[in-house]
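Lettered A, B and C in written order, each chain numbered from 1.
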Amino acid sequence: MSNHDTHAEEHAHGHPVVSWQIQLGVLLALLFFTFATVLFYNAESWVEHAFEIHLPGWVNIVGAMSIATVKAILVCMFFMGLKYDKALNTFAMLFCLFCVGLFLGFSMIDLDTRDRVEPWRKAEASLGGTGKSLDSPPIDARFDANPSPSVSTGGLSIVEFRRQQKLEEKGSEEAFWSYYYKKHAEHQHSADINNYFAKLGYDHHVELPTANKAVPRHGLTPGLFAAVDPKEAAHDKSADDHSDDSDH
Amino acid sequence: MQTTLDADTTPAPAHLANHPTHWRNRGYAHHWKNRDEDFEASKFGMWLFLTTEVLLFAGIFCGYAVFRMLYPDAWSNGSHYLDWRFGAANTVVLLISSWTVASAVRCAQLNKQKWLKINLIITLLCAVLFVFIKLKFEYYVKLGDGKAPGTFFTYAFAENPHEVLWWSLYYVGTGIHALHVLIGASLLGWVLYRSWKYQAYGPTEYLMVENSALYWHLVDLVWIFLFPLLYLIH
Amino acid sequence: MTTLDAHAHHDEGSYFSGPPGMLSKVWQWMSTVDHKKIGVMYLFAILFMFFLGGVAALAVRYELMDPVRTVQTLDMETGEMITTTTGERLGGLKDIMGAKSANEVYNRMFTLHGAVMVFMFIVPSIPASLGNFFLPIMLGAKDVAFPRLNLLSWYIYVTGCVFGVLSILMGGVDTGWTFYTPYSTTTDADHWRVVLMILAAFILGFSSILTGMNFVVSVHKLRAPGMGWFDMPLFLWAIYATSIIQVLATPVIGITLLLLVFERTMHIGIFDPAMGGDPVLYQHFFWFYSHPVVYVMILPAMGIISELLAIHSRKHIFGYRAIAFSSLGIAAVSFLVWGHHIFTAMGELAAILFSGLTFLVAIPTAIKVFNWIATLYKGSIVLNTPMLYALAFLFTFSIGGLTGLPLATLATDLHLHDTYYVVAHFHYVMMGGTVIAFMGGIHHWWPKMFGKMYNEKAAILGCIIVFIGFNLTFFTQFFLGTQGMPRRYANYVDEFQTLHIISTYGSWLLLLGFLIHLGTFIASLVAGEKAPPNPWGGLTLEWETESPPIEHNFHHEPVLTHGPYDFETTVPPHWDPKDYPLPENPSRH
């Protein structure tokens, strides 16, 4: 084995040395798959907007996660050397992944099926609690424990509570929204000039019916560029007309 | 088996020739029969440690999965707050660093001392770049907007009451990952220091390079999954 | 690093013959990488924690002697505790506990008992002390795979314990050892002691992981020449299975406790229903670790029992492979059953799944018990202390195991959940299983570890008192539980009082038994007879070396010539006819 610059694997005192060609090839493959996963995500968004269809949520998840898995396998096999290593190390990792699977699987089975067998339990065990408030629970004088979260939101969810706080701080709805636009104007601009979907006319306000909505991202809250107050828009079903005047 | 590597007779620099830390002068612990046993055992130990790291992050992934299942709307919104370009940039940075650290192992195996150091330096620079992007373009901006975890959350324009949870998981997940980046970088920095000062690693003695590299690859692996979960899945 | 260098020359004295001078001796122990010294240091630290947890347990039992509070109230002026009936003043605990009422003192006491016993005593107990000492010797190795990591794990253990004790000194925590949310995230919100206790458990986890890694690699890579997987003593199989669980389960408690700390300090909301988090998710996280860890506690005990029964009945273990594989089987099943701790919290579908899977545990466990009993059949049983403890284990562990089945059954569990039945069940498994086996193991290996024999009669007396005290304490609690006495309550209805009093008397007997053992051990260390290298006629490798072992364990690298349990065919190493006779057997060589 004197040709240590060829594809052949050399051995350093019995340990395999991975040739630089393989290492570079793996890096290029990894970069390609990174590109592919981003492309897939953007393509998916584009398809949804261009054809106004709604792809099922699993397309997005399965696409991203399977590419990630391929990348992980490449790293494990070549960079971490499992391909050339004792099978024991691979076995340890696989058994660990099996445990991860059990962990995720059983936890999710429970949280997803609390009301399956006896539907009346749905009300009893609402999934993940209410998310409504960060109230201080009433302190029972008999017990001296002091259960107080550092913020009391007075019955509102913390999201709503912060909105009210900011509204109060700004004094009026107008000031509130102008503060918002001012704060995000720069970012919005840079986001839009780099976003070819926006150039194509597919803006990010389009609301799709479920959570798995594929929209190009700008690092900003979607739907907040509407010139109208979202609350009013909710009352007024003709909000779609207004959104054409949106500020961007 | 006589290989090219055994035939490598490049002498150590004079001032290091008899230094106990130079790779040619390193022994192995007395309870092992030979150097190979020591090496294989340590590497197996490292892999076991990596499984514990995977299971540590499994907690984050489990939290992510459960809450995505419970609050898909909040998770979708949360994902839209992040800019995939920064995630992708960091992915590329980490992949390149993973490649350089794998090359560093190769250089140690082949006694290419200069390239060993260069590869390690590039890896460390990548680590710094990763943390910089994370802090400057993500944490700094997001925290400035009030998109913070838990009761520190002050962002007034959120739409879904459960978006707070998204930010909690985002910061815990990426924060613990960033902590691992720093730990891995410290390990590699130690390797670089010893390599620089003593030429401590060579064909017969590169366990520390190998194990630090394995740790670094794990950091990369976790990010390979965090990137699509946080930035691409919506 | 020099201590690890190959070919270094060492004198071949006993492992604890150190340099002269107190300071250099202390330094030698503090900086040692010798697995034997680390094992001994672990042993004493663990026994100290056992004492601490035991004091808390006695306090809890004392409180439960009376249906209303025994410790009725605190004098808010002086901080003294006042009893109900006599008005006797018990001295000030207020400052120490930082509690504002006697109710809180009780909550802190049982939490202290649980947290100390679980995290600081029983999880590291057998693997870290006896395992550390004997695993390399039984493998025929000079040390564990990573001696320096071993020392590190000891220091991490001590750090964790310091955090725990610090938290106790700052007033203790009242969350229960399980730290269930949302109570654990909101109680004592303006104090750091809860965070300290959580961090203590977090840190102790690292120690556990390092020990586990070390043992797995040692078993894989350091077996003596000629020792195949099926030539290993069953204790090692048990430790191996334990270590796998430690490595794979412990990181999850790490992230769980970390999230809990974030939850307390930043209210990140993941486990907080008020922010949309899910407290039951915390319970899933917690029990994904804490159920497998139940087998970290019991598996090494089972390993010890396999050794004790075979050696002290001088008979080949029955069903070697069945016992070995059942250890791995238990380790595998342990990851599938955590949900049975939260039957009442989760949905039916998952509960049904977990209930079914839980019954699987009974199979490998029963395989072991039947094999142990078959080992005893027609053996030359010697009723010494280790053997008595092994027999006590068979009795108490079987009760503990069988009473688990009603708890795995959904319908009965809904009734028994969070009652004293559960308390009795897991004490029968943990204390009647692990602690009893640990005591048996300590007595079995004491001559080897310290080179001194102990007073057999005193030890047998202690063993019998512990056995009776244990059963008095906990058998009554089965009745209490089925009658509906909930756990973690300081007060109860009058009807339960008789049983509670019996239970408390039992706890005092337990104390007496352990004090007798303590006296025996101290007497042995101070003035014990010198132990022969092989007092019981064991065939595993630790009996081939000196008592106590020399620094490098063996004078020459041992080569395996017989199995660990070939009592019928092998004359034990160092056998001396004046110590004990060997049963007639013409085929012995």
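FYI, a contact is a pair of C-beta atoms (placed from the backbone, for glycine too) under 8 Å apart; a residue touches a chain by one contact, two chains touch by 3 or more.
These figures come from a predicted structure and were not determined experimentally.
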{"item": "Chain contact graph, described as a line, ring, star, complete graph or other shape", "value": "complete"}
{"item": "Interface ranked first by C-beta contact pairs", "value": "A-B"}
{"item": "Geometric centre distance via CA averages, chain B-chain A, whole Å", "value": "22"}
{"item": "Rounded Å distance between chain A and chain C, as computed from the means of their C-alpha atoms", "value": "43"}
{"item": "Approximate Å spacing (C-alpha centroids) for the pair chain B, chain C", "value": "36"}
{"item": "Chain A: positions in contact with at least two other chains", "value": "88, 95-96, 99, 103, 107, 111, 127-128, 131-132, 134, 149-151, 157-158"}
{"item": "Contacts with 2+ other chains: residues of chain B", "value": "40, 44, 48, 51, 54-55, 58, 62, 66-67, 70-71, 151, 161-162, 164"}
{"item": "Sites on chain C at which at least two other chains make contact", "value": "220, 248-249, 252, 267, 275-278, 281, 285"}
{"item": "Chain C-facing residues of chain A, complex", "value": "88, 95-96, 99, 102-103, 106-107, 109-111, 113-118, 121, 125, 127-135, 137, 143-151, 157-158"}
{"item": "Complex contact set, residues of chain A against chain B", "value": "1-2, 4, 10-15, 17-18, 20, 23-24, 26-27, 30-31, 34, 37-38, 41, 57, 60-61, 64-65, 67-68, 71-72, 75-76, 78-80, 85-86, 88-89, 92-93, 95-97, 99-100, 103-104, 107-108, 111-112, 127-128, 131-132, 134, 149-151, 157-160, 162-163, 165-167, 176, 180, 183, 187, 191, 194, 210-215, 217-224"}
{"item": "For the chain C and chain A complex, residues of the former touching the latter", "value": "99-101, 103-104, 174, 183, 186-190, 220, 248-249, 252, 267, 272-281, 284-285, 288, 335-336, 338-339, 346-350, 352-354"}
{"item": "Complex interface listing, chain C residues touching chain B", "value": "4-8, 136, 141-143, 145-147, 149, 209, 212-214, 216-217, 220-222, 247-252, 254-256, 258-259, 262-263, 266-270, 275-278, 281, 285"}
{"item": "In the complex with chain C, residue positions of chain B that touch it", "value": "27-32, 37, 40-42, 44-45, 48-49, 51-60, 62-63, 66-67, 70-71, 74, 149-152, 161-162, 164-165, 168-169, 171-172, 176"}
